[in-house]
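Lettered A, B, C, D and E in written order, each chain numbered from 1.
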Amino acid sequence: MKIARVTGSTISTIKSPRVKETKLLICREADASGTKELGSSYVATDLVDAGVGDLVLTCHGSAARQTPITKETPVDAVIMAVLDNLVVDGEIVFKK
Amino acid sequence: MKIARVTGSTISTIKSPRVKETKLLICREADASGTKELGSSYVATDLVDAGVGDLVLTCHGSAARQTPITKETPVDAVIMAVLDNLVVDGEIVFKK
Amino acid sequence: MKIARVTGSTISTIKSPRVKETKLLICREADASGTKELGSSYVATDLVDAGVGDLVLTCHGSAARQTPITKETPVDAVIMAVLDNLVVDGEIVFKK
Amino acid sequence: MKIARVTGSTISTIKSPRVKETKLLICREADASGTKELGSSYVATDLVDAGVGDLVLTCHGSAARQTPITKETPVDAVIMAVLDNLVVDGEIVFKK
Amino acid sequence: MKIARVTGSTISTIKSPRVKETKLLICREADASGTKELGSSYVATDLVDAGVGDLVLTCHGSAARQTPITKETPVDAVIMAVLDNLVVDGEIVFKK
């Protein structure tokens, strides 16, 4: 799973009826303390009522379809957790 | 899913009869505002009547085969949405 | 799918009897005009009688096994099309 | 599989009841001697009672769900081994 | 498939009984002539009795489980061929 920051939202024209009903959010990978953003933006289906600014976990590939909402839909990334705390080398580096 | 710009089209000799009937478009990943193109070009099966210049979402891997058109075909990327709006940090950064 | 140039061939000792009967070619990703090679070389099972020098499309991951030849074999990349034309921004950038 | 160092732990709000019961650890890819960390951090489900500081193997993609704990859950990375020894070019480069 | 050099071996504590019985080797991607190593090391299950120093093909993702030895195991990379010859642009660039 990637540690990511939710940075925005999308409005789009989608044919798949089940994907249409979901919220597609813009995410960007973050470092282990959630302070630095890395790499390019990507879009993930929200499963946990995440909001812009939240630090989340996204999972990718076929894992993204192991949920009732995304099963058998053309979706390759989902937000599956909102992060509350990150502890690295014994120190709390992120607290919601 | 990747935010991508459709940049072109392909004509090719394909054996798989079902892939032959689909439109294979050239895409290039874009940043979250759709203004800068990133990385190398790739080819995706069009599911949403996208045109050259459109900003789209592409999904990858086995997700690309979760549609009636691409089911059980050798296809690893599809265009599954045409983007109408992108909102980053509360600002509209892209409007079709 | 990746746009790729076929650059060579391989001879190898393989245990899987069905993979043994296939042609494994060396490919290198190319840019959208097919003139510049990018990244490192990889090996793909040929499904379309491609030859060295051809510009092709390769598909990757589980997509590579959605064909009668590669079904249930340890193969993660196939050549699924020989490119005849590439058109970018309204211009023919590659013609076979 | 990736050679990785476990660097931390996460607390998060997850909807999937089965993922909730697992331990999600922060990992960072390491070189073949386990001394240098590479790339960005990622989060993996612990299957082997790994602890912070351990050098482990993580597996990714659908492979991560080939275990009773992770089967049919939205998980794309697991820690599947704790490394005891790494031998490169005939030399022991890592010993737990 | 990736062209890779086998560089070492691993000893580890694994829970999955079927993975325990396999040989996990350290590999590093190589260029098309097998002379230059590229990128970071990774670990793959050996299916072809490869040894340290051998130039091999590794396959990745769900492809790695399309063999009797790795079926339904948490394994995402296997060595599926030992390379005997590589021919690039009509020249033999590698001979075992």
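The criterion applied here is as follows: contacts are C-beta pairs under 8 Å (C-beta built on N, C-alpha and C of every residue); 3 or more make two chains touch, one makes a residue touch a chain.
The structure presented is a predicted model; accordingly, all values stated were derived computationally and were not measured.
Chemist: So which chains are sitting against subunit D and subunit E at once?
Modeler: none
Chemist: Once you find the CA centre of subunit B and the CA centre of subunit C, what distance in Å lies between them?
Modeler: Each chain reduced to its C-alpha mean, subunit B and subunit C end up 20 Å apart.
Chemist: Could you tell me the distance, in whole angstrom, between the mean C-alpha positions of subunit A and subunit C?
Modeler: 32
Chemist: Quick one: which residues in subunit B touch 2 or more of the other chains?
Modeler: Correct list: 61-62, 64.
Chemist: Moving around the ring in the sense set by going from subunit D to subunit E, list every chain once.
Modeler: D, E, C, B, A
Chemist: Note which residues of subunit D are touching subunit A in the complex, please.
Modeler: Checking each residue of subunit D against subunit A gives 7-16, 19, 24, 26, 28, 40-44, 52, 61-62, 64-65, 72-77.
Chemist: Okay, in this complex, where on subunit E does subunit C touch?
Modeler: Where subunit E meets subunit C, its residues are 1-3, 29, 31-32, 38-39, 47-48, 57, 59-64, 66-67, 78, 80-90, 93.
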